[in-house]
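Next come two complexes built around chain A: one with chain B, the other with chain C.
After this line comes the complex of A and B, so read on.
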């Protein structure tokens, strides 16, 4: 894994060398603060908690994370640099992991920059900071799951737009799985055990479980599994491309 | 061929991966580690529960009935069922073999379903007509006890509900509680008929007590208090006849424990007894007192004094307008005595127009304040309060910095209030006891409305069931007091756990400040308006008969000047009133602006500077290239 660190650094810093990263962060912050205050009604709620923020996060991520991930492989494929990458003495795992972790770290930075919200509720009252911390841990894990899906869709096409749209669609399905309205709809067609399995595969179910303030090993393992699946599919597509 | 190989290896890779992930998650679902990050450890068993379980003296079987195989189960219910199973496992682990758990899925038309119904588990109809069972049955020896429906909204109270169910059978035999009230606290003598039979008017507080103790009703004119009672609760005693007062007195002399709720002005009384109170030409009698009995226990209480607190003011709806009303007081932890077992773990209470209790000067008994008010408290007359509009009443409250208490526990060797022996009307019975043999404790609280459902609980309808969820610790106060006086302190440690509202303290402070700052000015302006109006009236009255309809030019000018002044001052007052709200709205706007702009501007700045430097470097290298 000796190539991992330089690869990671190249990818991570690569974000900040393009104006897109700053635009992305600014829009993400504006959108999250807007949702928290205007849709979530944080100030009117008179409750020192970040629930209004965390409630909208799965839906914000739905758009923002595929936007972060879309460029990772599609760009390399379009510009042809992927051929150079593969001629270097870099294993596929190193390449996939470094790109993924760089994107994840970038999302962590964006998430971290929402800290004024945390300061705000602490200024206004006495929130349960343990619950807020859990909310951030859950958000980060969920962002990782979204990103691994986006990495996979990014490796499917040369076109960033196509990989973005694919990413949004797959993530959307994964969000829907845990959503009550959707499972009710499925109940009329499928047997109960299948619905159980499917509902359990949704992002929101696990995210909400963590953001109540309870770090449960099952939820953490779920997100790590989701990330693993995404990255494994990513590796497989790349291997297939490389071979052909 | 190569492509085919490629495809099969990829496909088998995917299959292997998926299998691995599924089995990993399956294993993970069997063993789980959890870190409870909440401040109050909402999701872990508390020490109180552990010690309670340790005290179990017989085997207990807990059956969880849950219709897991139903198709259209709401996801939150499913998630919650998993939680319930987990917490039950924790109980089992902590019980060292005393507790065993059974999980049953009562499918339609099976024996299991019949059992669920026999045990009293409520079937809830789902939208498509299926019946869902989700409840707990506790088999303790030969006794059984059920929680008919587990509401996900009560998750924070789950641990307590289970502990309570486990303990209740044992405790119910030991503590007998009597409730005496002039209100419908423990059901009405003449129940109102609803479409499905008589409507149960019993307050949630009594149902809460019933889960813990053996509760019975004592009539408000009882001539004797059953000696089997360990604790007597007297709520809102109104003009009790002498023999009843004497019975209560002797109950305490004989070592009976007493909890008294008196109230200078009970709106609940007015609301529940609307017809009885509407006697033309008479002020409704909605105050209560125990007069000489309270005095015998060294408690001073004035039925005519209503207490309010500016910094504890609570938002209420006064005729369509939301105002902060200082006579509805949200009591926070800092004002609930930490030393007392009754209030030590309580977090928040709501007092609805109460009075004060204090210790008689020079008394030798021990007076332990339970609920205190802040330095911003003041008083109003109970008689006039009823007829004053809440906004004006709030304004009239002047904080005077005095210490005031809403509730207290008094301990001492009390003497009878009937020093001359039994009053007339009491025949026979036990021998008169002029003085208690040992120390006794009486708990007095100067509000009754706080125990009324409207002020204490939220109700949700779930199918035919009405779910009740405490809004504050009001009911816990009474249950804890009975627990304490009845000698069982076991459940107190768990009871007060749960997620309690965390309001914006900063906003409340600002509101208080604003009120202080603008109140004086507002009052001055109101005074000015009143003066102007008086002068106007005087001037108009001065007109002599001869020129009743004709005012001279000077008078006319003066009147129009006054009118102008009045308009101006009124406008000023409107602005001042707006200012009261302004500070808070401004804070909201400022916070949104800071959150919206601070980091985005910093990020933009950073981005621009990076690009500026990079483009300069780029140009420099370009120049270098040209050289």
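After this line comes the complex of A and C, so read on.
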């Protein structure tokens, strides 16, 4: 992994070389504030907690994370720089991991910048900061799972828009699987054990259990497995079609 | 230095490269010629380990391109077709990045980049994002990227494509200056370039090698090789034709017309006729205004070897 550092740095700083990164972050922050206060009703709930924020996060990520990840491989293939990248002494694992982790670090920065929300609830009352911390850990893990899907869809096409749409669709399915409204609907048709299995495959089920303050190893393993599957598919796609 | 044996590459059901074998000794500049879609770029992409061959293999500096691809890539400087690079980076950022991935760190990466600033004359655009540069500068950035680790092997895919004549001249000078201690393969479809810089030309058509020789030897294959073109006054035309018919070793005679009567005389294979013609015309007092011996034409050889291949594959 000797080449990881320069690859990671190029990719991470690459976000900030164009105004796109700043636009992304500003929109994400505005949307997260909007969700927390207006849709989530932080003031009306009369509770010092970040639940309104974390409840809407899976839906915010649905659009935001594929937008962050769409560029990673599609742009590389469109501009032909992938030919430079893979004729440098770089292994496939180094390349895939450095891009993924650079995107993940960017998402971590965006999440970190929501800290004024945390300051606000601490100013207004006495929230359980342990739960909030667990919520952020869960958010970061969930962001990683979304991003690995986006890395995969980004390697499928030279076109960033197609990559983005595919990423949103796949992530949407994964969110839907664990979403209460959807599982309730399905429960009237399918047996309960099937619903449990399906819900277990979705993002929200695991995210909610972490953000309630339960850092259960099963949920952490779930997200790490999801990331691994996404990146494995990403690697397979690249091996098969990097030159086409 | 480079040894290629039986390289084959399929794309779907289409066989782009059909078993290519050749050797390149250290210090040689080899020109890869061929029509578009002949398999030049595909062969180069296999040598640089960007794509894997369907079958066959090659070694670069003794390392196998499949089993030891990282070691091969370390020895090669590669300029892909149309010189892609990360547009949002500045020239210095991009070159430092490549140097770091090539195993140089911090100050030594910057030093390697600085050295390229001189070699490739990039001073004027050093801190500009690459996407804002002209085609000529981008090509130079691509060159710098390929040269930054002083590789023993250079593989250049159409290095002068899209450059103006001055820039082409510069690039050729640069390539020639590196020939002493590097093995270079370059692809091109500009034949004058092969003449100008290559010691050896390999012509590829339809995925196979159809000719492999020095540019001079290729030219000898041309029907124009040693042909004599002479201009005589129109009134002397018949006299000249009569004279030519008396000379041994002459094959075809073509009258080309023009404001003066131009005659092109083709020798029989292996014959040299220029001296005979000039001596005999002096004896007979034939006024020749101009007499020219042709070297042979690369473009004609190129056309004949690549076209016969197209026909053969269709049959």
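The working rule: the second predicted complex is superposed on the first by the 226 of 244 C-alpha atoms of A that agree within 3 Å, B and C clash if a C-alpha of one lies under 4 Å from a C-alpha of the other, contacts with A are read in each partner's own complex, and residues count from 1 in each chain.
Rule of thumb we're sticking to: contacts are C-beta pairs under 8 Å (C-beta built on N, C-alpha and C of every residue); 3 or more make two chains touch, one makes a residue touch a chain.
For clarity, every value in this text was computed on a predicted model and none was experimentally measured.
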> Counting only touches as set out at the top, which of chain B and chain C does A:123 meet: first, second, both, neither?
Replying inline: first
> After superposition on the shared chain, which partner residues are touched by A:196: those of chain B (first), chain C (second), both, or neither?
Replying inline: first
>> So in the superposed three-chain picture, is A:59 touching just chain B, just chain C, both, or none of them (first/second/both/neither)?
In response: neither
> Which partner, once the models are overlaid, touches more of chain A's residues, chain C or chain B?
Replying inline: B
>> So in the superposed three-chain picture, is A:34 touching just chain B, just chain C, both, or none of them (first/second/both/neither)?
In response: first
> Is A:17 touching the first partner chain B, the second partner chain C, both, or neither of them?
Replying inline: both
> Between chain B (first) and chain C (second), which, if any, makes contact with A:243: first, second, both or neither?
Replying inline: both
> Who does A:205 touch here: chain B (first), chain C (second), both, or neither?
Replying inline: first
> Can A:225 be said to touch chain B (first), chain C (second), both, or neither?
Replying inline: first
> Taking the superposition as given, does A:79 touch the first partner, chain B, the second, chain C, both, or neither?
Replying inline: second
> Is there a shared patch on chain A that both chain B and chain C touch, and which residues make it up?
Replying inline: 17, 243-244
> In their complex, what parts of chain A are in touch with chain B?
Replying inline: 16-17, 19, 21-23, 25-26, 29-30, 33-34, 36-37, 43, 46-49, 113-117, 120, 123-131, 133-134, 178-180, 183-184, 187-188, 191-192, 195-196, 199, 205, 209, 212-218, 221-222, 225, 228-229, 232-233, 236, 239-240, 243-244
> For the complex, which residues does chain A have touching chain C?
Replying inline: 2-3, 5-7, 10, 14, 17-18, 79-81, 83-84, 86-91, 242-244
> How about chain C: which of its residues touch chain A in the complex?
Replying inline: 11, 45, 48-51, 70, 73-74, 76, 78, 80-82, 84-89, 97-98, 100-103, 129, 145
>> Could you list, by residue number, the parts of chain B that touch chain A in their complex?
In response: 2-3, 6, 10, 13-14, 17-18, 21, 24-25, 28-29, 31-40, 42-43, 68-76, 78-79, 501-507, 588, 591-592, 594-596, 598-600, 603-604, 606-607, 610-611, 614
